[in-house]
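One structure is given below, encoded as structure tokens.
As written, the chains take the letters A, B, C and D, and residue 1 is the first residue of each chain.
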């Protein structure tokens, strides 16, 4: 079944395989009137491209995006925006080994069971390169949200069990760390640990945190289309993410109602505020006007050079060592992917919320006539 | 926007407020030919109804389900199955207090911001009673999955930080504990702790685990409609759930690729197996044939009798003590809700998977002609 | 697969069989703040109920609607509105004949092929009674549209080939005719013809026209979600409708570009107008600000008392005479159903259109904050 | 709102503007295992490309399709198939005239009202070139249906009021006529009439008929997802189509129940047949095993060289003569578009039907395990 689209009103459809002609995305439902060009998109893509540091695969890919439709005279027209990153160099590698092996932690086996065979070149459709489409679409969502006064910001919370001090979080610090880890001391420790992991032909996992600020209260639908439910789906749909939590998240299991509840108060400017934000900005699936906080866990890169036990297509037990150099940790390059998926979700739900009240609908159509 | 439906092929739509005429659900897309009657559904509902133990609210509600359509001569017909639980006794309580207060940890404030006003009686649409519809629909999904050899099973993993020994998990033990906690020693400890919490006018949280066994490999769509992504949305859409993880989940942040990867092997019966199941049965968003394992964290009940700081509709800072007796922990009654949402999701994705391969489609339509 | 829901933002889900416990509908996505009670809905239902005239089946059904959720203190709350019409009298008829016969022009055979068996009582799910849910939902859509200055109006255009004079169309005249045929002379001729048909144990078809006035320009999405495409689906999904056209419709096949094009002009009040309206108010799938005009053809009632050749479940060639008294023409009772489906579609697309322009979205969220 | 996708399981998303970089489509949900290459797609595209005869615009466009993903070693992989037709020659025309004029019968005005401005080059997104994506996707649907024994076939039924003799319909004859009009005598008459129209700077409309043979009974969902309802939406979503009918269609308004009903019988091979096919192969929204017959009316090309009254963006009443040479009739090139949309719809609904019966689901999953 079709499963490469996300979003109901702002709808993103991705296509492409790792070593095919390229990776692309169609963004349908983008409002008309947003200033947009390739440069804006490219900035986001550059945050996920390989070869940014020694902690990511040194494969040389420029990942240059082209906008193919939906933009006219520098502005979105309201019609679908097709974007693509084409693979410049033909990758005529020898795939004979990978073609028949089921790598542990990868989707090789499950793709074969699902489809009968698979495009094994570089992981095919299950490769991390698929996220190029998400990031390009997320870039548009982020730019749109900014126009509406909403900011999405993701960063590395922890790698190899080394966790940042929350006080250090700032956009500036995030960009200073090769691991997008805003606590630079923690970052440096994690870098050390990663170098060691790399020597041991091993890999590491970590946690990404993402915040949304400026979101008005009232966004998200009760019941199944809760804001947190959609964020969970969005972020969990990123390869390698194995868990997600909102606000105090799994800590809530050990807390009490008295401690976990966030009391409301009216501040000196007559604004509604909360003493704490254990809810992560969402109550009953609907934004409460405070910061949205989500965290995702990213598993250690499954591609490691150590010898592992596994099987091949012929049903034989074998040992495999995965050749080539791979990211020793996926987390840093996944930061912008989490940001993208969060932005797409928040924008989509913001759009959904426009029909919640008849009085506001009346005012809207008075603007139109 | 419409947000009370879940599922693409097997689609569940719920309606109703806590203290309205009742709670209902329409299950659309159920295949014809399933033996079904109210008794089968009622069994599941009885696991979430209040008053089962001293650890749940003693409100007397029988929650008797009626099937109103879609079943003929004891069998599903393929058309929508409407089910409802009507409120027998009129609840003509005095709501004057709750009507104007924004209770901490509840959706009162966010509903007002979203809709301009709200049905405040008993929490209205944001009440836990809404899950009656989910459980009734989930009962059908569970029964259908059983016919296909698939079993879904949820239980309490931990309450107040007291966690079960995994060895003790069995359907029998689950039903023996008033907390649906299969390790009876742990259960008894948790019960003690809960009694203490209740005395302190406080409440507790916990973790629910759910497994799916018998699911064939190949279920789940790559990219956005991953099996884990949809499970995350499904379970996160349950009120009070603040996080979800698959397999090793958040532990993976501290693991390494070598330890986290699950090696494949061929067993003595020529079946594909894995040495470990850190992936929780899902690789690349697609089931790998081993057990699916998901965990959800449930926050402590927000309704507590202790005095809390908050505000009212008039924008005044006030103190509130929530009257009446409430569940000191939501976890036990939420166990069957997690089971229901998991079953609905797995069934829906199983149905989606039927068009993955042309050769199987050909065989299917040869059966039909 | 689930197929009993219609609409993306304003979403309608119906359930129920002709001779089951009742017929119902869940309306999800209705904005909060609409004054609503059963009386408003009942008015619409009364226009489709049987026994209104000698030209409809004399079965006595009051079809009294109950609102079960989504309305609080006389106002919609934004949550799902469940409505039901329960069957008062148990219909313990003898179905032995109809149970095994495949009536010509009915869905008996196709249901059996699809589902393996069927609820044969009174046509089960394929009965015209299913439209009760559509009309109840359509009533809400109509009332909402009125609040936004948009009026939907349907009437009988022709029966037995007798067609109205367009000059005679008025809300008043529509209600004066037992056939909802605003040209009373034509109505009277058609009534005569129908009486004759009834004597001959035969039945008649006809054409329903529906207009939408007050709809602003710019509603409808280009490409697949065109306003006319969705109207076509909506109206064609009504049982017995076998064709639909917009504006000049099938006449356009015989026209020329010069004659069929509607020239624009600026009127004395600086408003954009068109000299003609062959487009039926829709250009490129988007409303142009003039009246929307759609027409649907309704086939002659398939239930006739004359002897017809057909088969039974055992695969035998047989003759059948359909017992009981049936509507000699479906058209009059279907008028309000066409109105309902048109209103639901127009409202849903109106809601979709709210995100077309970034500048308007900005203004909207300035209203919210 | 997103509106460029069609289909629930087999889902087609198109992008691109007439004079932009190109036109493309993503086909998501195509089963794995279909032999596919560009040649197969190109055959269908060649039937809609301009310049095939003197009765279509002589613009030289080769419309060469590229497959960019979803096919590996000549076979579909089950992942999204991205296809594009890039515009080879830069169209640096002078658009100064068209940019500010609202052409009668075109979507210029409605796009401006919807989006605030538009890509006016060659009609932008509302151009007929958008159908390239539909035809490329439809080609895949047709090829898949063939594998399942189902054939879709469209042809011109009438142009300028000249209608074919049904006896003459054959795949061979269709391809012999430059108008895809299988009655070659009628075709020749219509060609004459068209030449005259062209001299008069005018244009013509017509009717396209499409049949589906080999479709098993039981396809289509009752209520809103009726097979005919979805066909109506699919075909009505093609630009210039202003009406659609199934089987006897609008004729049914003048018929009687006795004449319009199709009696069933068992033929000599014990197969279920019908004496007539006024239902066009669909009863209660579900296929009955006989041929599906649909007809669509196509309005006369709105682009004509005659002088027409209209307005411009500045709100001035003006006269316009549309420059360049345009198709004097859209019908012939739209034939393959109707075929494509029909195939996509039928395939999608075929897939939906696979979960109608539990017994068949059980058999299916026994095949899988």
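Operating definition for what follows: a residue touches a chain if its C-beta (ideal position, glycine included) is under 8 Å from a C-beta of that chain, and two chains touch if they have at least 3 such contacts.
These numbers were taken from a predicted model, which means no experiment stands behind them.
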{"item": "Most widely separated chain from subunit B, with each centre as the mean of CA atoms", "value": "D"}
{"item": "Selected interface, A-D versus A-C, where C-beta contact pairs are more numerous", "value": "A-D"}
{"item": "Centre-of-Cα separation between subunit D and subunit C, whole angstrom", "value": "26"}
{"item": "Inter-chain centre distance, subunit A versus subunit C - centres from mean C-alpha coordinates, in Å", "value": "44"}
{"item": "Interchain centroid distance [CA atoms averaged], subunit A/subunit D, Å", "value": "38"}
{"item": "Residues within subunit A bordering two or more other chains", "value": "1-5, 8-10, 14, 29, 32-33, 78-79, 114-116, 125, 216, 218, 222, 351-352, 355-357, 359"}
{"item": "Contact set on subunit C toward subunit D in their complex", "value": "1-6, 8, 14, 102, 104-107, 109-111, 113-116, 125-126, 130, 158, 160-161, 197, 202-207, 216-226, 228-237, 239, 242-250, 252-266, 270, 272, 275, 278-280, 283-289, 297-304, 306, 308-311, 315-317, 352-353, 355-357, 359"}
{"item": "Residue ranges of subunit C in contact with subunit B within the complex", "value": "1-5, 7-11, 13-17, 20-22, 24, 26, 28-29, 32-33, 66, 68-70, 72, 75, 77-82, 84, 114-119, 124-125, 351"}
{"item": "Sites on subunit A touched by subunit C in the complex", "value": "8-10, 29, 31-34, 76, 78-79, 144, 147-149, 216, 218, 222, 350-352, 354-365, 367-369"}
